[in-house]
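The first chain written gets the first letter, and so on, giving A, B, C, D and E; residue counts start at 1 in each chain.
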Amino acid sequence: MSTPEPLTNNQGLHVVHLFCHTTDSLDRDEVKTAFDAAVAAGVQVVSVAMLGAKADICFMLLAEDLWDLRRFQTNIQSAGLLVSESYVSVTEVSEYASKMPAEMIKDRLNPVLPPEGLRAFCFYPMSKSRGDVHNWYSLTYEAREGLMRQHGESGRKFRGRILQVVTGSTGLDDWEWGVSLFGAHVDDLKECVYTMRFDAGSTLYGEFGAFYTGVVGSLDEVLDATTF
Amino acid sequence: MSTPEPLTNNQGLHVVHLFCHTTDSLDRDEVKTAFDAAVAAGVQVVSVAMLGAKADICFMLLAEDLWDLRRFQTNIQSAGLLVSESYVSVTEVSEYASKMPAEMIKDRLNPVLPPEGLRAFCFYPMSKSRGDVHNWYSLTYEAREGLMRQHGESGRKFRGRILQVVTGSTGLDDWEWGVSLFGAHVDDLKECVYTMRFDAGSTLYGEFGAFYTGVVGSLDEVLDATTF
Amino acid sequence: MSTPEPLTNNQGLHVVHLFCHTTDSLDRDEVKTAFDAAVAAGVQVVSVAMLGAKADICFMLLAEDLWDLRRFQTNIQSAGLLVSESYVSVTEVSEYASKMPAEMIKDRLNPVLPPEGLRAFCFYPMSKSRGDVHNWYSLTYEAREGLMRQHGESGRKFRGRILQVVTGSTGLDDWEWGVSLFGAHVDDLKECVYTMRFDAGSTLYGEFGAFYTGVVGSLDEVLDATTF
Amino acid sequence: MSTPEPLTNNQGLHVVHLFCHTTDSLDRDEVKTAFDAAVAAGVQVVSVAMLGAKADICFMLLAEDLWDLRRFQTNIQSAGLLVSESYVSVTEVSEYASKMPAEMIKDRLNPVLPPEGLRAFCFYPMSKSRGDVHNWYSLTYEAREGLMRQHGESGRKFRGRILQVVTGSTGLDDWEWGVSLFGAHVDDLKECVYTMRFDAGSTLYGEFGAFYTGVVGSLDEVLDATTF
Amino acid sequence: MSTPEPLTNNQGLHVVHLFCHTTDSLDRDEVKTAFDAAVAAGVQVVSVAMLGAKADICFMLLAEDLWDLRRFQTNIQSAGLLVSESYVSVTEVSEYASKMPAEMIKDRLNPVLPPEGLRAFCFYPMSKSRGDVHNWYSLTYEAREGLMRQHGESGRKFRGRILQVVTGSTGLDDWEWGVSLFGAHVDDLKECVYTMRFDAGSTLYGEFGAFYTGVVGSLDEVLDATTF
């Protein structure tokens, strides 16, 4: 078995969301072994019981070394999970947030997940529009910064009920950012995203991909609820 | 078997539409057991025989606890149904209807389904447009409220022939709302949706996803008509 | 076996196009039994040998009771046909044709298919655009009626070479109408659709989905040509 | 075995491109038998080893009787080829070329393929745009004819290096034309399509579907290169 | 076994990216044999462990003879890899770079891959827009050349951290160019693509397809990390 040199980021963590379907050949013990091996290697693993046809289980992983993410993926495939969809990103501090205190920047680059008590989960990817009329990338920094600040204020009303983790994926996956929301209730997730849709930055410049919804649980809770 | 803490909404019910294909390994008795277990847990289950390639059977479920929906999904997967497509939403009272009498609000949050005598069924998801020219989210509340009122009056002409259940899915699934129509006849469904397409709110701002059509029946009727 | 109450339309017939792929487990006799049972129940069944990857066989069915269509679908699935795509609609008399003589209206609601001698077949779904510049549903009735009349005259030049059957699907399937063309030759189909694309109603307001092409035959001819 | 009456065009040939994947159950001898039977029936069959995930093998067929194309398709499916994608069209003389000498018209309706020495192959479907600003079908005949003439001149620079076969598919498949290019080298194909993209007819009105690339060979060469 | 005449380009190499999924029947030794045979034939093979559902392994191949690429594809299919997606292109010197020194032109047509020390990998296809407002192909050569020069300067800031290989695919695959980036770190890839999105040539005229991310390794490293 080769052990290639780790591949790390300049700063922050690699992130991958793996949306999986169960199969007839699923080996629960092997899933647990894969989970334990990842955790032992320092990888954060959030396990989510998903609802509907898109996936049965989602694993959101954060790791320093990209190879650790790939090994986990291979191990759960070996255990009989089918990785049907995914999202690849990295933790980041956006250009608009770069003047935050060092401690906050560190927290953004190294979030500790899942947050306690916020078990309702959704994920969606998004980009900023480059349309004929509304083109985010044609705006000045000041205009963009102003729209982002307004958006942040709008989101802040949900503090305590919603934790938002935005990871960057320009060049890495099909959209420019991945958004993972952790909420107290599923209708908190809905209210938060609906409310923010009226922010000018979203109304005029936000483009959204597919939305995935589920409930965070321990690995046992998730496997109990999704496998047979 | 772990029994995780229930995940409920602040108000209203979790809703999921599961569009299923039958498979060679289908166990009808196991489907019935899943159905009975859900009903026993207080979940409402509408069973629909679907027409065409999109699905053979649709189950529309409404429940207080999200875990109950996930358990039903797992149980019918175990029984040999393939969940091919789905829609995740919650019951809601829209901002334009928030001044309704308390009793009507309660009915919206807790609809009793299926309605008697309205067996023709269709489901479709929809969003309000955020285009360069027509952007719903750029309108004032008053403008939106006026368009919604006109739309409601248009729909009211179908009272008795059509029951419309609109559930909210912003942040939860790929469109902003799911619409479930129950009609006396299939051509009532068509006439209703066609008529409302001339309402300004639909003409200029309505965006629609896929449409699914079938006929509501008892679980036995649905299984008799779709399995072999 | 339950026999649910029939589900009929207020007027006209239910229509479904089932686009099927053959499989290794195909039982030709069972397909014939399904066909005969549907015909015995009063269902019209047009069988078409399709060309290319979209489907091997198309069945276009017209029936009073929706359950009869579902039973046919289940029976051919049991016989080993895979229903890969489909289209759900109803026969209708458009608002622009409502002043036709009663006999013609009756013929539109109850077409007799397939037409003799017109074996070249294509099907495509279509909608009227609701774009920023050209929005069909923003036009006055008179403007729409004028465009439809011109379109009808354009189509009339193909009388005898082409029979056009337009069925309504707003609210029932992903497009607003399904168009089934029966022609003397495949290049008649092409010339007809190409010619009509220059009608203002199509040029500015027509949106088209996928096109499916084949040749109508007896069930035996179709099965002989597509199965092995 | 029924032998249905042939279905021919008013003028010209039926054309189908069958894009196939090999499977584990492939029977090479049966593919050859299908090929020989088609040739014996007067069908032209071009065999192409394709590159990449879209297909392993492409067969481009031209025939007088549509049933012959369907029989070939069924025979190669029986031989274990999976027809994954396809394109249905007919040979045609465009309205802009209708004043060509009779001999040239005959050659367009009855091309002899594959051309010798031009083994690099690509296929793509295309339509003329009906957008809000640039709508081909709103142009006068003279304007369209002028753009087509310029396009023809641009293409003529590749004479000897590229043979272009444009077949008509309005009403028959998802785009309005299918374009089959045969070139001396793959980079000739690229240079030709790239160059023509600057013609106003393409720049403003050309819409293109998927592109398929491969190399023409004898049936043995193609099977040797793609099967195992 | 037939050995067809080689198919080479007028200048430069054929390129194909094969995105593969592992299967239960994977034979690692046969993959290695395919790899060694290609290398022995003078083909460059870059092997990449991919992350997420799009692919487990990517092989980027560059060869003089198109048949060598097809043979490699067939050999890994025989070995049990499923080629799920792909991209077909050729090395090229863009019209804007044609005045480069001969040595640089030769390097562009014959890149030596993978670059040492740049293991973070992403691939994406792109086209230049032909929209109603912003149409790249309507611009003068000078305007296009100016935008490309600015884009090149923007990219040059990443020299040493990123190697960009742009290959041409107009007429060969669904987009006009394929972009392969090799970086020191995954967040270098992200920063590079994000930064260049603000270049006018990208902001107004760039259209992007799917993005694929992974890590370059030796064949053994890649197989160890992705197979079981």
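The rule we apply is simple: contacts are C-beta pairs under 8 Å (C-beta built on N, C-alpha and C of every residue); 3 or more make two chains touch, one makes a residue touch a chain.
In this text the structure is predicted, and so the values were computed from the model without any measurement.
Undergrad: Listed by label, which chains are in contact with subunit D and with subunit E?
TA: Of all the chains present, none is in contact with both subunit D and subunit E.
Undergrad: Just how far, in Å, is the C-alpha centre of subunit C from the one of subunit A?
TA: Subunit A and subunit C have C-alpha centres separated by 44 Å.
Undergrad: From the C-alpha centre of subunit C to that of subunit D, how far is it in Å?
TA: The answer is 27 Å.
Undergrad: Mind pulling the subunit A residues that touch 2 or more other chains?
TA: 132
Undergrad: Which of line, ring, star, complete and other names the graph you get from chains that touch?
TA: ring
Undergrad: Okay, in this complex, where on subunit B does subunit A touch?
TA: For subunit B paired with subunit A, touching residues are 1-2, 4, 7-12, 14, 16, 18-19, 66-67, 69-71, 73-75, 77-78, 83-88, 90, 92, 130, 132, 135, 137-138, 168-174, 176.
Undergrad: For subunit D, which residues are in contact with subunit E within the complex?
TA: It comes out as residues 22, 49, 51-54, 56, 119-120, 122, 124, 131-134, 181, 185-190, 192-194, 197-198, 202-204, 206, 210-211, 213-215, 217-218, 220-221, 224-228.
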